[in-house]
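Chain naming follows the written order as A, B, C, D, E and F, and within any one chain the residues start at number 1.
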């Protein structure tokens, strides 16, 4: 998606300049993985026009493989982001109806070629929320990946303004979760995309006890899951967030470090940065605890970077995880 | 529509900043009329979100009456404009599918209230090109205006990328032209929106002889027309245009002054500025020749102003018409 | 007034760009009221040049009625605003000598037409501080409004750099306060514009006990007052302010909620936003407590928005008042 | 003066950014002379605030001596400059009423110190146009300079919007011209500031024959003049100017080279750049012809530089004078 | 190289903003070829820091293969570009001493891998001008390419400020030209890099007769050359250039179309765009005449695009070649 | 040095704009002293090109004497500054190899003229870290200053990325410290530039006890020192710093006030601002305690100003020192 934001703390179109960048759940995860040193391949659809070209070019710039950024009729999804301040929340205005991705469906991807040499397949709950065909395409991808012995991760990423085409989120996401090896979510995602709740109020700050219970419920419901990570955000204002997460595997339960992030430069994409950090750690011999910590440190740093993308190296995230959050100048 | 342009002569999304402004055929005419001192009222549809609010606010800033800028479900149309240079043409990328206006239709406007106190009703060929309902709405408006004894002007404004819903332009535009008092067009509009040609090649520079013949053919076909003005643009590069027009009434035929505009700052909206200038002159006791000259001078000045809107006063346009094109500094 | 500010935290003219916007006490109140859904009318004077035109256009954009933005000889007042940071204060450099408003006087406004259909008349202590004629014009307006049965509110808005024409603030403001129904002020205003003090040091943080005493003294002195609201600002740095207020009516005394605003994006206009919020609540069936809370919530949000103007809707202010200050992203 | 301009070809306050720089007749001459390698000293008055400080700092940056940029009560003059395009003229909106300079008068400068070591004293017709006291101050300065045996040059610089304080331009400027050694002017200046005309219409392009006659008349009227240079501008649009000049001394009459400048980046300050180029050539052993050519070449280059100031070295101007106007890239 | 330019027509560091982009002879050719649809691979050296990373990322964005953008100690070369206007030339200030590329030498590239699958090898005269080791590396590359049966093209690209390490350009470039299949140059290149002149003065506008003679001399001197293209630029000001070229093969001599480019947006990189267009045409079945025309049309369009890079598609260049230089808006 | 920074919190070259300003240890001290009202003279070397000219011009703008900003072959040093946020540190990428200053050496300065009328000579540890010749030049300057009876201050300013030419920092800095009257440092400087440690870990927050011990050790080692001030920075994130300092003279030991600076706008140059504040206080009759406090207050304010330079007046720093850190708006 093309992201358009006003300058600084201006309200949308208060001034006449918009900052244009690109973002979107899956793209964000891939850019972050590329920054962490992985070879990546984005399978998606964009229109065959200057906007689609620019989206592919920016992804390529960040090291994402774009051979499967396919062209088809439709729009490039847009979103407008107004940055909040203090008690005034940031606001996202989506404009992605009739996107090329929404119009794509099963059969549009040559999965044999697309999955060749692939070790990990990541999907989010945004694509299946767009249209029946996009949901079917997602399901097809997951099926193909499993059949090819590829590890599958799913970020639930529930968006209340989507899911307008007839099916509810749990109807679709339940099936995808059942097929995944790794599940990533926040509390609200579990409740709204899976229909599983531990009685928490998602507006409240991190409630680790509820998270412990919630993760147990989800792991029980989806016996195929290897691991489930749930992020917990406490919002003390648009500029100040508490950020932590928990991890449950078949072997145990871990609470990660908690970060008090102030000021927040840009929180959009932090969940995706967490997913990328998690995939990175899980595919390295980090073990669960360090994987969780790494994902948190990487996504904590995301909050300091303008744009959707977490332009952070492995050593920068490890530095924070290992305790240097002093921000002391490097020269 | 929200217009988004890169800086200076950059290609689209070559850089990360976009300049946001508002434009679109009818809006442009109204802003120009307001700048010329008229009370105006825009009858249109925008979404009920921050983009729709901003569009209405900008129109209000320019003095356009916005009580009938109505809200309904749908998108705000967008367009991306890349400014050309020399032999490299400017390019417009429309993104207006599913706009609120496209979804509007007959019965959505309370014409009794909307046309109260109105002396002139102007429509363009863009709205009817969007969808069957928008075409029917346009027809309804013209019908209501005529019934109320209001003068009707129509700018053909043919856009080849529209007219995708089944009907061809001539099928719809013919009826509208038959109901209009004043018709505004360029050569290509006549050919493609009305199916009337004098054998000219629209790419060529102004061919006055063809224009004389063409206007005669159109006036013959539409006996209800009081006047027909046809603009003629010769393009010697994205930055250099020749600009003139002809006028035919039942009483005679006039060729306007010709302007060699170099450099062109922004040619988008020049046709709309011509329409506004024409309406201004026609509703003042200027007579045909001065009306044509005024419309040309006003629209010549439009080429010097960034954005779709012709922010030019009557005295500025008269100054140019009366011969001061020296651009000598005023201080 | 035209407001000119350097970028970000730059000192004045440290760089070569200035951000131009419009502001000023009464304008700020009206823009805020328009954003809250009121029909408004600004009665003021600007020069008949491009600056006056632009001021009127921006007000119109924000929904303020500009039929009584009258033109007369003089300048458009300017002010330069340098944004502070931490212990470095923001600084305002006024340049409004010889403004059109300063030169206006009694008889320059056709009050019969200007006040037609008006339910509330708001004035501030800035206009009468400019010149004897501006003071007389303000007094004339208040008199005419009272005569027409219109409710009158007065924001004392003491500015030490004004009041240079011979009269002291208390000489003029006392009379205006005596004629008002609603009085808005801070502690310093009461002391310097009315000469009433409860012994507080205005530099100190909110001292509610003093405020209780102060409001009692003011209400006693001005028996015609229906209500008096006093804002209390504690400044913990240019970026961090404590913000609260008290309200006294003939029926009681209320302390509003207190907000710890950090970071402050732009505090200029917060008092005006409070006034607008107060007028909004008082003209709705909110009752005193909710009116005070609403005015505080609305003006708290003002601190998050660049420029003098509080571009906040009623529902946004109510959301904060009802407790959601989490700044959690809306999407 | 502080100069404020919108971006590119925008109309004034069409957008929200203004470019701030400094300019004004005498300042422009001095900056240009400093760039040509001269030691300079500016004798003027600015307010004792951040604007006055910034003005002095920018002059110092450009190498102008600022020990006599004196502080006194008043404003810093401002001007708003809208850049024209094609037939749309550039426009200057002055806002310099009540400036510190306007308020200055005889006795405010310690001429003994100010003129110590000075070889050339340059004044323009702008200062004496501001107020009686400023006129008297200018006269005092010229008198003191002559008494000290310093060469005096005067640029007539007629501005129709000034001269509002009772005296007409010829009443004051005649006396100054009578005291000057060198006079710089354009045709309109001679007509309006001295009341001497050769029957030319100042709007027309360069008319060398009239200029020959005009210069003879002026030299006759002012027998103390050593040399008189008159610039001739033909305006073929805001972006295209013809630029030449003539020179008359007691020994002869010379026509300089003519430049067709297209595009014009910024023509404000070109006359001042001419004056500086002339003073430079006259104070070097260039002789009349080369001095005239040098002044023209230097001021031709001024048209290519944004801002009032001609940031051009001697070798750059000589390069153009000697025939290299190819603009071929230097690398 | 990192390119840093001031805004618009400002002189270098006149303002405080610099526009950062990337450029340099070989990079420019590759970006242009990628835009024309070729798979490319850049063999070069950059430092292992954020600047080197950014350079590689921008190339990748434009579709250039960056697997052989190798890291080694040294700087990233910089250049500052001031855009000229009219008679004021653009100026380049190089700051590339001690670059990583300057320090590279024979043995630093694994040619076996680097040239695998490569059909065309392009070098310029800039790299060998940096240092003895860079010259030797270039020679090694050319030798390896020839040995592998890869076609070799050489753009002489003479830069007078380089060649400081002891050898003269002809000493080195003669050997490279002798090994090339295709030679690209302008008149000055032939004279200064090869020591071959036809008596033309390079400052003059295109002299086709001299070019005919010059190309014959060069082809005679280097019997291994298949084709030689010489570009001819006439500079009528920084904003206006005449642009054409001639081509000589063993079969004949062709003069290309001539373009009068006004305004020039950015001429840097035009020669590289010509080289890329030539390589494109030569590797397609265009034949000599169309290849020459295509290279000219593509590089003519380069002059309209900000930055070093020619972001033009094959169809855009063909459109111009086939005669549509009208710049007529596309919508 | 020319300093280049991306906008806001962007990573280096994330966007295409860089903010250009000038900085560097000694320049920063001088600009700050000029702002505090001192006459200053910068003795340094820059290249004879547009970058060197711009550096000198900016210094002159800030009131620094530039007669001894000498020109010689070499580069202008550059540095790229990426602003950190929260746990993400700011990063400096130096690019100053082969600078004019690095190439300068003994005999290049006419010390007799350069030190004429000078009362205080300040050097930092950066120049001697560049090259053997620059170290020798620094030593020469200190020797000459002492011989002329000028007070000498030395800021150790250790930079780990310098000192690459063979000698270690202690080898050179020990000699300079032995010759100085006043020494300024932080804990790391003492350890790395002098080899003196009190066992503190420099990453920890201010440890006053260690500082007491450390200063005693240094004063003992360098018996010629009159005073030693050591700054102590605690970094709680890139945006939040604790800032204090201690002072030891032969008469006593003082701890200064401690500032909690949040948000930090720009901390680069804060040490230099401290040095300037210290020199200011020491050369006024402030006495040790007030001098220390003044230096801290001045440098605390530096953190609020973009760029290397502390554009703060004496009265502003005194205001903070005397307790007004409220940041309350001044109008």
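The rule is short, and it goes like this: contacts are C-beta pairs under 8 Å (C-beta built on N, C-alpha and C of every residue); 3 or more make two chains touch, one makes a residue touch a chain.
Being a predicted model, the structure only gives us computed values, none of them experimental.
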Original post:
Just how many steps, at minimum, does a route from chain D to chain F need if it may pass only between touching chains?
Top reply: 1
**OP:** Since chain A and chain F are copies that touch, just let me know if over half of their interface numbering is common to both, same, or not, different.
**Re:** different
Subject >> Distance from chain F to chain E - Cα centre to Cα centre, in angstrom >> reply: 44
Original post:
How big is the gap, in whole Å, between where the Cα atoms of chain A centre and where those of chain D centre?
Top reply: 62
Original post:
Where does chain F touch two or more other chains at once, residue-wise?
Top reply: 8, 11, 16, 91, 263
**OP:** Between the chains shown, work out who touches whom and classify the graph as line, ring, star, complete or other.
**Re:** complete
Subject >> Contact footprint of chain D on chain A as seen in their complex >> reply: 15-16
Original post:
Can you name the residues of chain E that touch chain B in the complex?
Top reply: 8, 259, 261-265, 300-301, 303-307, 311-312, 316, 320, 324-331
**OP:** Please give the residue numbers of chain D that touch chain C in the complex, ascending.
**Re:** 4, 11-13, 16-21, 49-51, 54, 75, 78, 80, 82, 91, 93, 95, 97-98
Original post:
In the complex formed with chain D, which residues of chain F make contact?
Top reply: 57-58, 60-63
Subject >> Of chain B, residues touching chain E in the complex >> reply: 8-11, 14, 84-92, 94, 159, 161, 203, 235-240, 263, 267-268
